Structure formats: C-alpha cells, structure tokens
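Next, two complexes with chain A in common: one pairs it with chain B, the other with chain C.
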Partner chain A sequence: MKSTRIFIGAAIMLSFLFASCGNQGASDSGKGKGALVSSAAEKVYVAPGERDEQYAFLSGGYSGNLTVYGLPSGRLFKEIPVFSQFPTSGYGYSEETKPMLNTSFGFVPWDDLHHPDISQTNGELDGRWIFANGNNTPRIARISLSTFETEEIMEIPNSAGNHSSSFITENTEYVVAGTRFSVPVPQRDMPISEYKSNFKGALTFIEVEPEHGHLDIKFQLLMPGFNYDLSHPGRDKSHGWFFFSTYNTEEANTLLEVNASQNDKDFIAAINWKKIEEYVNNGGGTKMPANYAHNVYDEATHSATSTMKKEVLVVNPSEVPGAIFLLPTPKSPHGCDVDPTGQYIIGSGKLSADLTVHSFDKMLDAIAGEKFDGEAYGIPILKFEDVMAGQVKSGGLGPLHTEFDGKGNAYTTFFISSEVVKWKLGTWEVIDRQPTFYSVGHLMIPGGNSRKPHGKYLVAMNKITKDRYLPTGPEMEHSAQIYDITGEKMELLYDFPTHGEPHYAAGCDADLLVQNSKKIYRLDENKHPYAINSPAEAKVVREGKEVHIYMSTIRSHFTPDNIEGVKVGDKVYFHITNHEQDFDVPHGFSIIGAGTSEILVMPGQTKTSLWEPEKVGVWPFYCTDFCSALHQEMQGYVRVSPASSDLEISWSLGD
Partner chain B sequence: MKTASVSMLLGSVLILGLFVFPMWNIRLGAPQYPEPLGIDIYINGLKGEAEFDIQNIDGLNHYIGMKILPKPADMWEFTVFPMVIMGMSILGVLIAMVSLLKRISPNWFLFWFILMSILGALGLYDFNQWLIEYGTDLDPNAIMKLVNPDGTPMQYNPPLIGHKKLLNFDAYSYPRLGGIMLFVGMFFTLLAFWLGKRSLKTSL
Partner chain C sequence: MKKRAIWTVALIAAIFTSACQPAASDDTQASEATSEESLDKTSGQAFVEDEVSNPNILQIAVGSADHSTLVAAVQAADLENALVNAGPLMVFAPVNEAFDALPEGTVESLLKPENKDDLANILKYHVTPGNYSKEFLKKFKKLGQANDQSVAVEVKGDDVYVGGAKIIATVKASNGIIHVVDAVMLPSNN
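And then the complex of A and B:
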C-alpha cells in the first residue's frame, strides 16, 4: 500500500515536471508563430465541397458504436451502430435487426466497443471490412465497408472482458479475441478466492471466411488465469505469431490495483498460431459444450438471423509444445504493438517510464537454444535479457500504445504525462515529444497497424477534456488532436471532440473505400420475405392476431395510407419497402405511441416496425425523414377498433 | 473518282453508329443533384445515363404533372427511325458500290445528302414537337402548378440544343456520339460529291 502511494505521488510530481518541459518545447518551436498557425489551419482546412483525404474509424467505447470521421478535417460523417440499439436508424429496434443483439444472456442492447481493425491482404489494408470488439458481453463484430453497416456479430464463449481484441492477422485469416478477465471455464459456482490456478484466460481465434467474411471460431486457447490486456499480430517476418500483453500474473482476485502490481515483470505471451492451427487441422483439441450466439445480417433479405452455437474447440497450451512462450515484460504492460517489419514487439509498461522492445529474431534464437527461465503452468518463460532488443528511455510516464509511420519511427502515447513521444526503432532515441490534451489513451496513424502505414497524420485520443471546449455541464465529449507527422518534429494541427470514448481507431486513404461505398440497395435484389416489388403490390393481411402491412414508400406517399380493421390487442407489423432508387433518399416511419424507435429505410430496403395498439381510435403515422418538398404530406391513418369488432381489414390510397 | 466513292461508302456506314451510340442527350443538374440525371436518346428508345435516371426523372416530374417518359412502344418514332436510317445506309452503300464499278454522276451523292438532310430535319422537327408536348401537356391535378410572371402556365420542355433553366434544374441538351457520327457521315457524303465533281473536271 505505502509503496503505491509514494509511487503515485512521484508520478504526479514527474508529470508536472514533464508538462512544463513540454510547454518549453512548444514555445521554442513557436518562434515564427504567425506563419506556423496559418499553415496548421491550411493543413486541416477542407474547403466547402472538397473532401477529406482519409477515413478515420473511431471506436465509440461506451456508446457501443463506431464513428466515422474525415482526416484532416476531424468532421464526423456517420455513427455506425454495432453493439448498441440506435434509434436514429432503428438498429436493434426493427424486427430485422433485433437478432443482431442476441446473446446467450438474451437480448443485450449495449456494449463497450473498443478496438477497430480494418481487414488486410498481404499485410496491407484492403478496405473490405472493419472488425470491432464488444468488451462487456464478449462479442466480435464485422462491419461492411461498402454499406457501413454491421453484418455479423459472434459472441465469444468462455471469455469475459473481451479486451485484447479484435485484431486481425495480415491476410485476415483470423480475427483474435482475448479475455481480459479470467473466469472459471466452464462457468460454475465456486469461491472467488479459489481463483488462482482454477480460472482460465481464453484466447479465441475466429476464422474469417475470405469471400463473405463470415466468422467461425476455429479454436480457443485456454491460457493461465492472467489478464490478457492487448494484443497484436505478427506481420511480415513474424506473420504466424500473435502477441498478447498480460497483467495480474499474480492471479489476484481482489484489489487488483495493488495486488496485480506486485510482480516486477508480467509477460507478453507469444503464440505461434500457425502451429496450433496445424494441430487443430490434424484433429487436435477438445470439443467442449458451449452456448453462444452467432448473428448474421444478410444484405439481400435486409434481415439478421441469430443462431445459438453449442460447441467450441478448446486447446490447452500443454497439448502443443513449442507453440507458446512467455516474454518477461516490466510493469504490467498495456499496449502490445508490432512494428511494420514484424521485427519489434513493443510492450508499454504502463506503470513505468520506459518502453520495452522485444526482438522477434532474438526470441526465435532463444527458443531454438531452449534458454528458458522457468515456466508458468507448463509454458516456457524466456529470459528477459535474451529477448529484449532495447528500452526506450522516454522521459515520459505511463506509456500505453504505439503506432508507426513506416519510416522507421514509432509514436507512443503517455497517459500520465499527457504526451505523444516520437522515437526511432533500433536506436531507441527519443526524437520529439508533443503534449496532448489531456491524458491520452490510444493513438492512430492511418494504416499504422499494417505493413504500410500512411505516415502523414496522427490522431491522439484523450480521456480527459476539461477546458478544451465550451463547457457542457459535468459530462463532456472526449477530445482528440491531429498532428502532422511528415516532418522530423510533430506539429499539432487541430483539436476536435469525439463521441463516446474512443479506444483505438483505424484509418485508411479515402480512395480505398470511396469507389465501393454503396449508394442504394437494388430493389430487384431485395429478398426480404415481406418486400413488395411495386406500390401496386401493397396489401394488408390479417393472420390471427397479427396484422402484416406490406407498405411502399416513394416520394411523397405511403401505399396504403388509410388502413382499417386493426383491433386493440393486435400485433401490427409495418413492413416498409422504400421504392426509391435514388442516392440519399431514405424514408422514415413511425406511428403515435409506438413503443419502439423510428425505422429509417434506405432506397431499395425493407424494414419492419412492430406496433401494438392499445387504444381505440384513428392514429396517424408519418415519414420521419424530410424526404421531399411534399414530406409534410407523407402521412396516413390506421383505424383501431375494439377487440370485439368484426370490421374486416381494408386499405386504400387516393380514394 | 475512287476517293469520292470511298468517302460516300464511309459516310453511309458511319450513320449506322446511331444503332450503337446515343443520338442525343438531355442532362438535368441541380444543387441536390451534383451528379446530374441524364437521358440518353437512342434511335430506338430512351435510356438513363445512370441505371435509375429515367425512374428518378419520372419521380421528379410527377410533382409538376408531366407524363412518364415514353417506352419504345409508346412512340412510333422508335420503330420508324431505325428503318429510315438502315434504309438510307443501304442506299448510300449501294450508290457507293455502283460508283466504284462504273462511272456515275456525283449528283447521286448530292441526292443522297439532300434526302438525308430532309429526313434529318423532319426528325429534329418531330423531336422538338415531342419536347414541347412533353413539357407543356401537364396533368391539371399536378402537385405544383407554377406560372410565369405574365400568368401563363410554366412550361418545362428542355431545349432542342443548348442550355435552359427549368425551375431549380439546369437542362442541357446536346448531340451524342451517335448523332455526331450521323453529322460526320453526312459530311463525308457531301465531300464525296465535291471530290466527284473535282475529278470530273480534271478528267475533262
């Protein structure tokens, strides 16, 4: 306890010291301030009608969603609903999308979205999909980068606090999900105090089907009960390996802030997944009963289905000798980042000032020479000195995450000292440092998580906003800063608020996505069971207590817009097909008293809103999206009769 | 004389481009249509420049009560024009072949050119009549009934050629590759006449 207090005290004092150092640096470079300021403005100014150079996908953290921004302007383009219900579009409210949020715990309408990662081919971004993890109720999502909609969500069994996720291997063979919290596997009623050696940490390798991106858990590695914090794939020369940082190798189950900070070194776990894959392909591993949801959205039917999977293949480390090694890494490492060449694995000891860089080549040599320093639950521990390539004496405090510019430089965020530090791979010398505002978490360089980063802009995502913007009461959006990293020194260009709490981001050149971005859904490809091909096919069908309304929208009317014969106690399904085939002409729908959100229906799409009328009367509905000059006229009525009424269903338009 | 015949042959074949490429194009751009909507007018029907342009133009036109754009079966022109062009092409090729085999008067080339010019002018006249009818024969129950400052009902016919402002839209009407091939083809037949005349003079 006492040592911790002293440490924190020292940390705070140091942070003052470095904060003032940072200011010094800023005033030094501010000699030609006028010119500098105007050039920063020019660099981020995207004139009206012009478009940004790059896309940035920022995780929304506790919003459960993913936000799409432009770089360098910092303009918000879209919020993509992933793990949270989203009344703006009806995601998670419409009948078609409710199954997306199904889990083994039932309907879970929220999650904590952390680490987006764009699909790759040969270690380069290919712009097909972006993956993201739900941290709280472990899930992995795949989002299409042609529709910018969530297409698939896989629940992860035997996992808890799905944090060292969702990073992909360099040909998108796997998206990897590691557990932050170890738990009993399988879950059972047992004393918490018996955590040690009983709890397991599942690292899950989810295969990505190359054509459609469909997800399937290939295997789960049941690791010792540490906390698996972050991970990254090996790339290029280290392709085939995956690296996970760990903390709480003490296996404490209470007051972790102290008890999990006792070991001087925790580990980075190096996993040779190709070796385990081979073992599994040859029939290795054990099929274990499980129960987890696999939710798939089909673009043709505009509908999601949820399937419960009942089995998962598990592998114990001891079954595959020579596939898993532990690399001692100081001070509860958080970020675990691999440089574009695949040679360096950077562990950010978040309780220290220094970064530890491991060498992939040295690791292979140490493994070949069997130079082990003991083992943990049968997993060999390599000697620190044998695998370490160097240490960055950063002069900062609380290193978290590192990205790369593809020119031999690395950029690390320091949470406690609120700064980004640029340093050189191989020489470990610090080249530059710039303050962030404040307490930076992740950073992102577009393509920085691939073999070919686009080393032009760096986005720092902060945890604390304080005085950066006009105050909005106690709760504020987080702040982010954009830096120009083309020069020797980083240059702060711009500062913008972000939505939710961005944990990591992914970015790419605009050209990669612009051409593939869909403008409409084709009506002639609409396979929704309740779709209608033309307004002439509109109808209302009673099936017992259910009423199905096959409705059409086109500027500026609903077909039909007068419906009678609905009764109190009915379940009324409005199946709305938008017959527009014109870019950016959605229609919306909602009806008075509906216990759900609106639905926003894109051209060529069909969506369903459920309404359960409880009151007799004539109730209006209307288009909720200002679709046209006659938008206000786009409305209709449903007559609701008493449950005892024998009024037949009827419908009409224009008579 | 041989070059004249070849020029006649080339000209008569070039007009067949109308069967492959659009003859004319009308484009409608507006602030909210940064990518303009466009109609390619082929000799045998209308086609959207982008796949759904016709549908979207019809969607907009319904506000001002315009009829939906004609399908091939709705207009006799889309059946007759192809026959006329095919007939003229065959005639031109025949004249050229005959003139290659034996000396004939270059007036035949001029005759073909004049005939084509008359037919072409009739075609353009007909096209313009259709534009006027289409732009002025409006549904009396139209959603928007707009009048000119002088109180007469606003007309929405696009220009025969050039630019015209139609409410918030800028309409542009210009020949396309098929139409240009027709004009170039006709020029070649006129050139054939001139070359033929010249060779007659030199041989005399």
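And then the complex of A and C:
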C-alpha cells in the first residue's frame, strides 16, 4: 500500500519534471531546455545600471500617444503625449499646450495614433524627429527626439481615417498622409448612396522644412474613391516614387466586409511624386478653399500657437499623365512595403495565403512599353503578370506587414495564422516561421523600413493577449514579442505588454539619440512671456477679472506662497517658472478644485495652469512631484474673497 | 524495498533537476557579480555624466582649491552620492585652514578607514536639509543636522556663526547652498 503510494508519487514527480522541461521550449539540437531559456534570458537581461542597445517607439493606438521602450529589455521608459490630453505632464491641459489639440472641429483632445516613422537622411535613420499620424481626425505630428515632446501637429483637410500615413521619403522631403475613407471633396450634403465616382481619396504630401522640421502641405492628390490602407516610399533606386495599397476598389459604401471583398484583385497605386512636385513647382494644381489647423510648439517660449490655414493645393491625376499607375494586387492588400534596395514592393493580401511581390524594374519597363490592362478613372492599370516579380507561397494565412533585415531576408506577419514568416527576397523561399501570441498585426525591426536596417531584434505586436500575462479583468494590454533574428532561425526571446494598441513602431540604435537628449531647458533662453528670471521677480498682477501669478519654484518652496486679494469669479493664471537648472528635477503644481490636470514643469521651463475659484475660503496648492527631501513642505495658500470684496492683491514668502 | 524506491526517485529527480537547470549556476554568478558592482565606488548619482546642469554641491567643492581637505574627507567617508542628492542641502564647508587648525594628527587619524564612522558623523554635522541664505539664517536659534544632532546659530553684528564657525562666503548650488566657514564644527560626543 505504502509502496504503491510511493510509486504513484514518483510517477507524478517525474512527469512533472518532464513536463516542466518540455514547457520551456523545444530544442532541435538536443540541448537541455534549461540551457535555451537561460540563453534567451541572457540576451534580454539588461543588468541594473546597464542600458539598452536600442530604442523602440511603439504606437499607442487608441491611447493617442507614443510609448518609448528599450530593446532588448522591453522596459517602458516614457509615454510621449501626442494627440491626447495627458495629465501626467499637463499636455493639452496647460494653457501653453492646449493649442496643440486645436482642429477645424475645435479642441479635439484624443486621436488614434498609428504609424510612427523616424526621419531619414539618404535613406538611413537620422534620429532628429519621429512622425506619427492621428487616424480619426486626420492629423500628422512631429515629435522631437531631443526633447521627446510633440512639436508640431498639422491637420489634413479633405481626408478621413488618416491611415496610410505617416511615412517619410528617404531624405525626409515629405511626410505622406493617405486617407483610408474616401469622402466628398469638398465636403457637402449629398446622399451616401452616390458614393461611387463622387467620393475622393486624398493623398497628401507634406513638405518637411529641413532645418527645423516645420510642416507645410505641398499638394494633395485627389485619387479615386478607394480605401488607401498603407503606404511606403520608394528608396534608393525607387526614390521619387510612393506606393499605396488600396482596398474597396469596388467603391462600396455599406457592408464593406462583403462588398469590398468582391474583386479578386485590388491595387497598389504607384505615385511618381517627383513628377507631381515638378508639376506643382511649375505652377500646376488648383488652390482650393479649405480650413485646417496648423499647431506649432516653440521650445523657446514653451508655448504652442494654432493657426487656421485656408487653402490647399490639389492635383487631379489626369493633370499629370505618366505620374500615377495602378498595380493589380490580390485580395485587399494591407501592408505595402519596399525592400532596402528599392527593387521590391510587397503587397500583403490580407485575405490571402500568399504575398505578392512587384518589381520596380518590371514596373518601369511596363510603363515604358505602355502595356496597360485598362484604366480606372483615367489612371492606367498595369498588367499583373508584367509587374509581378514573384509570390511567396507562405503556407500562412492573412499576411499583413513586412520588414527587412538588410541581409536579403524579409519578415512578414500573418494575422490569422498568428506567426512571423522569414523568407528570402528573390527566391521567395520560406526560411523559418515562428508563432506569435496571438494574432500579430505589425512587426518592427529597428531601421527595418529604411535602406539600412539594424537587424538584430524583431518586435512582433499582437492584437490578442488572452493568457499571456496574469489576468486583469476583461481588458488586457496588448502583447509584444521580441525575436533574435541574427541566426538562420528566429528565436523568441521575450514577451512584454504594451500600452494602448501598437499598430506599428519605429526603432533605432541608442547611440543615435543618447547624445542629443536634452537634460534641462536653459533659463537664459526662456522666452515665455510670463517667465521670470529669478524668484525675486515673482509678482501677482490683477488685470480686470484676470489674475496673473508670476510664480517661481525652487527646492523646496513656491515664490510667493501666500496670495491674497483673489475673488470668486476671477480667472487665476499660475505662470510657473521652474528655476532649477538641474537634470531630472521637475516641480509640479496643482490647487484644490482645479478643473484641469496638474502641470509638471521641467527645469528652466514655464507652464501655466488656469484656476477659476468658485468658493470663498483659503485654498492650498502644492508641488505634485516628489522633488526633494522637503517636498512635503512645498505648499502655499490662496485666499479667495467674495466677488464684492475690495481687498487688494498682495503676496509674500517667509514673512 | 521501500527505501530503494525512494532513493531511485530521488536520484532520477536529481538528474532531471540538474538537466533542466544548468542556468542556475550562471544565475548565481550573475547575481554575485551584480552585488559586487553595486559596491563599486564609481556608481551612483555622483557619477552621472551631465555637463549641462548647473553644478551641484559636490562639483563646486571639488572645483574649489580652498576645500581640498574637505573633499578628501567626503571621499574617505563615501559621502559623494549624498552631496549630489536632490536635497535641498545646506552645507557648511570648512576651508583647508580650518582643518589645519585642528590639533596635530586629527585629520590624518580621521582619514583612516577604521575611523570612517567618526569622520562621517563629523561631516554630516556640517549638513542641514534645507536651503537658507545667510540673511535668512539669522531667524534661527539652532539647526537640525544630518547626523541627528542640533547645532546652535548665533548672530554677532552682521556675522552669522553656526556651531562656532563663522560664515565667510556663500555659493549657490543646483541642489542647495554652500556656506563657507572658517572652522570645523565638532559635534558633542553624545
């Protein structure tokens, strides 16, 4: 009896040991599982005090923000507010940053951030800026990679569902924004059923001024009313062209899941933007009335301004013959990716098992030979067989997006079969496939959409998480997986949660950014109109019903910290200059009952918080960031008197 | 029979455990290496590369020829990282002559490794958590020092004395303030 128990116990114990080995990943070289896991752990382990090799900027999707991670550790460094109000810093809440979220629809405090892309010079990442698109209320943002702050947002007129964006040409000449939803241009009151041939799809080329990166819409191409899904610039030999995947070439306006899947093939639109640029530079195109916001943040004044622009230059495809062609591509293609040499344009038919690869050279030959297969709204359609370089018979299902390692390999995500497939450019053979967990959307190899990929790691961004982490109720953060791609086979190294929905990401070597990362704002360069040079200049000024408090912070007090003479009904502006000149010593500010977020003021910066007191009393304010050993002492009071009071403004510190 | 069965299980288990976990020894080594590293004297806030921020108390002291003895003492007591902390810190910094005025052999003795705690106690007696100008100090009768003792503040005419040491100059630092003093302040022995 006893010995039976022992044997049962032994069997359970042994099977447990076997199972725990097996769960740690299969090994085809016959090595112990533990060794494999240990090697993966070493590859992602960044010891305390050590730093990551690479930056990864992940789209936050419906968070409206951009998140910054380290590779290979998967550690989250920062969330950069772009299209959404962000109480952590006061972005979109402070008086200085509210204009950043202004649009022709008024103040829009949220968007759906999709596709970050780092600026390039000669087709290589230069680390100056990162661009991102707002999908919902069409906008393009430029974020500084020195301050990691959003510096500029341009609204895109005549666009809707700004999805095939924000990809940049190889010298950052343009950031390009394509519409997913076609709409009436100009917008007007008309029956939805008259969509076909009346709606237009605007592809917008936004010029990037080389020195400061300032944005200006150069032209909009008004294309047929398809859905423009994703895009990428040509590079190297195909520099000067831009490629957009399309679906709904059926021009359906209802039940698209059925009606937009009727055609066996949709198109990749090839746009010779240099030709259109030349046309526009020679006076071509039509100036069309428009209304769209251009918001610019100035680092010197620490303030944003919003300007409404009233005109946009539009070009119809028929005006520039020989500049636009359609490449038939099967099954509602999503990803539209160009390899580092610029020769191959990869269409991922998202309802297909195969990838279609077009050849840039063959495309040029077909254009030269005028071998057309009809036209759509006057745009020539090239013959599928004439432009196709090959097809990747992947064995997977639902290809979405492809990036490259610069060693002749491509890596494609498959949503439905939840995997990354590695294949060879030119031979189209599949080399390796690895599962993802689960239902992968995009992937990112740092520099993987440039001429020079930094291909050591691949990050797969998944839409479905399920059981990957400890459960947190019905809503789970999305998951990302890091693979080592230095060998013939990909090796899954690590799994980490992401914030919001990472639709895409951009990454680069750490060295590209580390030296330029700003530590403090210099006080002597602060041009904010309400800045003060020293705590001695602190003052409180009444201007009618407005009270302007020129306030200073330095460890560990506000100057002034006692203020009287404020009345119910006043608009009280706290203009706070942080007089610290020491890296990583911000001060925060908020006051009881404030109908806005706190503000976090960086060293040398000035920020403003508006308070509209409604109750008589003596109300405290305090520093919201644990700044110093005497942080808890960093507080003050505002006395609020009745509206009828004639108490004069006064202020003090330490009296 | 029973015993043999148990031993067989144990043996097999041991084999599998070791086969599964060759990483264990590596991990142990890694954590040992890490803990050694944290004792290294070149890590911590005092060693952050930053040429942009205004200088902190330690950087100012290191750059002052009149405070080489104080800096040597701070280094001997391993207090560098404390002096670059966010603070705010008010440091009463005796000049070299002040150390020279101590009975012969005092400084040499304090700098010996076995007297590190005594040295740290004396140095911390020169540090107040706070940031007050000389003028503002006149409002105080005493200050609470970082070694947990109080020090008396006296005003004589325009001069301010802290623990018997006279403030002869003041330098603002990014993380606080330095009052240069003409004497070493010695804490009482309790």
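Throughout what follows, the second predicted complex is superposed on the first by the 623 of 655 C-alpha atoms of A that agree within 3 Å, B and C clash if a C-alpha of one lies under 4 Å from a C-alpha of the other, contacts with A are read in each partner's own complex, and residues count from 1 in each chain.
Everything that follows uses one rule, which is that contacts are C-beta pairs under 8 Å (C-beta built on N, C-alpha and C of every residue); 3 or more make two chains touch, one makes a residue touch a chain.
In this text, all values refer to a predicted model and were calculated from it rather than measured experimentally.
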With both complexes superposed on chain A, which partner does A:E580 reach: first (chain B), second (chain C), both or neither? both
Classify the contacts of A:L630 with the two partner chains as first (chain B alone), second (chain C alone), both, or neither. both
Taking the superposition as given, does A:A47 touch the first partner, chain B, the second, chain C, both, or neither? second
Tell me which touches more residues of chain A here: chain C or chain B. C
So in the superposed three-chain picture, is A:G654 touching just chain B, just chain C, both, or none of them (first/second/both/neither)? second
Just to be sure I follow: which residues of chain A are touched by chain B in one complex and then by chain C in the other one? 520, 554-555, 580-583, 629-630
Can you list the residues on chain A that touch chain C in the complex? 2-3, 6-7, 9-10, 13-14, 17-18, 20-21, 24, 32-35, 37-38, 41-42, 45, 47-49, 519-520, 554-556, 580-583, 585, 603, 627-630, 654
Residues on chain B engaged by chain A in the complex (per definition of touch): 35, 51-52, 55-56, 59, 63, 143-144
Give every residue of chain A touching chain B within the complex, in rising order. 520, 554-555, 580-583, 629-630
Okay, in this complex, where on chain C does chain A touch? 1-2, 5-6, 8-9, 12-13, 16-17, 19-24, 26-27, 30, 34, 37-38, 43, 48, 50, 52-54, 56, 85-88, 129-131, 136, 174-176
